[in-house]
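Read from first to last, the chains carry the letters A, B and C; within each, the first residue is number 1.
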Amino acid sequence: MSLGSVMETRTIVGRSLRSAGPDWRGIAFQGLLLLALLFALATLAVLVIDIVSRGFPVIADRGGDFFSSNLSSRASSAGIWQGIYGSMLIAIFVAVFAIPIGVMTAIYLEEYAPDNRPTRFITVNIRNLAGVPSVVYGLLGLAVFVPLTQAIGGGTGRSILSASITLACLVLPIVIITSSEALRAVPGALREAGYGVGASRWQVTRGLVLPAAIPGILTGMILSISRALGESAPLIVIGASYTFFSTGQQDAVAQLFGSFTALPVIVFGWSSRPEADFRALTAATIIALLAVTLAANTIAIYLRNRLELKW
Amino acid sequence: MVTEPGSGSDMMNQIADPPFVDESPGSARDGAGTRDGLPPAQVAVPSMSAAGQTETTPNAEPAPEPVIVFRDLNFYYGTFRAVKDINIPIQPRKITALIGPSGCGKSTLLRTINRMNDLIPGIRTEGEVLYHGENLYARDVDPVEVRRRIGMVFQKPNPFPKSIYDNVAFGPRVNGYKGNMDELVESSLRRAVIWDEVKDKLKQSGLALSGGQQQRLCIARAIATSPDVILMDEPCSALDPRSTLQIEELMDELKQNYTIIIVTHNMQQAARASDYTVFLNMGDDRAGFVVEQNATIEIFTNPRDQMTEDYVSGRFG
Amino acid sequence: MAELAASRRPVTSLAGTARRRRREALVRAIFFAAALVSIVISAFIIYTLVFRAVEYLTIIDFGQLIADGWFPRRGQFDILTLLIGSAMVAVIAMLIATPVGLGAAVYLSEYASLRSRRWIKPILEILAGVPSVVLGFFALTFINPEIIQTVFADATGFNLLAAGVGVGILTIPLVASISEDAMRAVPNALREASYGLGARRITTSLRVVFPAAISGIVAALIIGLSRAIGETMIVAIAAGGVGGSLRTLDPLGPGQTLTAAMAAIASGSDQVRGDDGAYESLFFLGLVLFVLTFGLNIIGDAFVRRTRQRY
């Protein structure tokens, strides 16, 4: 081969190895994808900025008074205390009703249940419940739990108790599904070792599997409470108040059976008031609500990321 | 899925969980012991025919009762037969090795002894596994009780994510041990020849140990429930050669007090460490069967079956 | 060193203590009972909806169901108004959620570096945690005036478009996460084969990964659609139509959906049962909504199972 043709080959190969210019199509496509992603992130950012700019002045002006006053039709004196109180109670009651039953169900499904049709029926049913719209849970509450609490404690039955039971039903599938995943992630070798020293099923579950799954279960618990705090459709169907109501004369127990409200319900109620003052109040309420739900979600996500490294 | 036994045995219903009994030294550990009422073993080295009868060499005392006997055992995963027509006696306080090519059912067979296979749904057994004369697969036998008497060490060391102390203490605790736990933990760790290495860090996590140490911890854990049989499922396959040797030395010490059955892929290990060897192979139906069982020395130097000779000389497997 | 006994009991007592076996059976029974709770909840939901819906249908005349609009207090129960409204909101929502969600998913799965994934995913999960009332308020007070009314001058203060955009934003994280899971489940071997042949990233993503993950992507869209149909509060706040709505196909004007209609009835001033059927219509709508979303969820789940089976 002559020197000239060797050089030619080299040039041809060299040229072909180098790209024929920038890959415009690929860059444009990647840009489009990035745009989509940024749209989502930007929406969140715009939302937060808009809400905070609307609502922060209220908090700055009125400070603690905003958080400690009751609902009122006068914007200057209206506050969200009853909403905070109601949401707090809801968080506690939903935790009490949903978490033990949910975790026990997950333990049953993962550690005890045989792999047969009744078990599959239960699992399918739980997945379906997870997809039921929240407002339908409200109907369940209205038809079943409202008369129930009425029979127990009198009043109209439209109470924080019936609301909490309803929301507990709503988040129950979430607790079950996340706890099941946490239990499933525990390696089989751990269980084997436990059975190997002569532990019974409950001893293995309680002494080995559950402790190992606690972080994941905890994450699920926090996520479900956070979800319950943000729900308002079922509460509205059950009859939460968003206008003035008084619980002045009732003691704490009686209040459980009387009128109630929660933060997201207040947001809904005040949203429908066109006055600019109430717009600002609504935004301030949202700040309070987001502070709680976002904090809870962040803690849960952080917990989950920390333990993804474990196994 | 554990197949729990049906109704309980009536005569045992009234017995509460007693604490571990510290019998005086020397009484329970002589030969077959006071339990079975047989005289202690002397120097007899029983050889086993394929039919599983024990023959003793002349001039020796009667051989001890085998602690475990497989009698016509067939084991099924669903419709698939994993091992067939197994008849093996296991001599007490000796090391018996189960060897054979991959997939011939050695581990399955081992796990039938402590009913670990019960955790898998769809399993079925035909035949018997006798433990001190009792069939472990009788209807009213509780697998949990079986596992308290027959311990297991697994292929990959799997200490609990707990402290070293709690690893050893877990077994006795779930068995209702009411005695001095500190002493029990120490003696178990000593018997597993790991006490000196961990005695200052009992509160540390068991997972912080090296592979070999973890496996010795698992042995200590298995010993803590006072079994009389220890099953070992390829206990050294995940360990380096030095740890392997340590474990083999440990096994030699342990056999003074425990009957050891070990599954191993490593023929050299079987030849080195065991007193008896059972060679299993797989037929065309992929069911494992016993080809030959005998004193280890015989299996490796004077095998009776051609298949055995082929396997131990490395022609297949 | 103390001799350890070989066994504490006679070897023959392999039956175990009755006390322990009773405890095990009790534990199992308790956990099974917990698992039954979810079945009971389902049963109650279905029973309540069907029973009351039938009650409703016996109260009203059939003619009321094809009236000229949805005005429950006047006895006009045109279900078609609501179905069209729900469809419009859902379509608008999916028009937003599909490109944004899928785009973000493809970017996260095929383009993003490990480091960027670590902060992008949590932000998407935060977006998923924003309560719907907040998005409803945002739709009403920001999206509508700032965006929609600037583009479409004749859009009213409440309109279906604003609600649809809000629901779309709500659905983005759901679509993104399910489709991203599906794409990440595609084995790397397929990608390597494609790159090995000299394909670029855009080709690999669109012509290898995307088709391989198609079951999961379809599942994401179906489940997203189901969620969009089931969303209540955003529509209740931003779309107007509280008193009722005429049949309309105009996204720039107010409208009503199945879900918001339910909220309106339940939170209206006459929450007692009359014989005008307004209260009972609540459950009829609930049944229709339940059947719709349930059907979509079943189909979506079937697609999710198909992705799992492949690998």
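Keep in mind that, in the parts below, a contact is a pair of C-beta atoms (placed from the backbone, for glycine too) under 8 Å apart; a residue touches a chain by one contact, two chains touch by 3 or more.
Predicted model, so just to flag it, every value in this text is computed and none were measured.
> Can you tell me which chain lies farthest from subunit C, using the average of the Cα atoms as each chain's centre?
B
> Work out per-chain C-alpha centres and flag the one nearest the whole-protein C-alpha centre.
The most central chain, going by mean C-alpha position, is A.
> How many angstrom lie between the CA centroids of subunit B and subunit C, rounded to a whole number?
54
> For subunit A and subunit C, let me know how many angstrom lie between their CA-based centres, rounded off.
So the centroids are 13 Å from each other.
> What are the residues of subunit C that contact at least two other chains?
Residues 20, 24 of subunit C touch two or more partner chains.
> Going by the touch rule set out above, which residues of subunit B reach two or more other chains?
Subunit B, residues with two or more chain partners: 144-146, 148-149.
> Which positions in subunit A are in touch with at least two other chains?
Residue numbers touching two or more other chains: 200-201.
> For the complex, which residues does subunit C have touching subunit A?
Result: residues 20, 23-24, 27-28, 30-32, 34-35, 37-39, 41-42, 44-45, 48-49, 52, 99-104, 106-108, 111, 120, 122-127, 129-138, 140-142, 169, 172-173, 176, 200-202, 206, 223, 226, 229-233, 236-237, 242, 259, 262-263, 266-267, 271, 282-283, 286, 289-290, 293-294, 297-298, 301 of subunit C touch subunit A.
> Quick one: in the complex, what on subunit A touches subunit B?
Going by the criterion above, the answer is residues 114-115, 189-201, 203, 207-208, 211-212.
> Going by the contact rule at the top, pick out the subunit A residues touching subunit C in the complex.
Against subunit C, the touching part of subunit A is residues 23, 25-26, 29-30, 32-37, 39-41, 43-44, 46-47, 50-51, 54, 100-101, 104-105, 107-109, 112-113, 121-122, 125-129, 131-140, 142-144, 169, 172-173, 176, 200-202, 226-227, 229-233, 236-239, 264, 267-268, 271-272, 279, 282-283, 286, 289-290, 293-294, 297-298, 301, 305.
> Give the list of subunit B residues in touch with subunit A in this complex.
1-2, 114, 116, 119, 121, 144-149, 151-152, 154, 156, 158-161, 170-171, 174-175, 218, 221-222, 224-225
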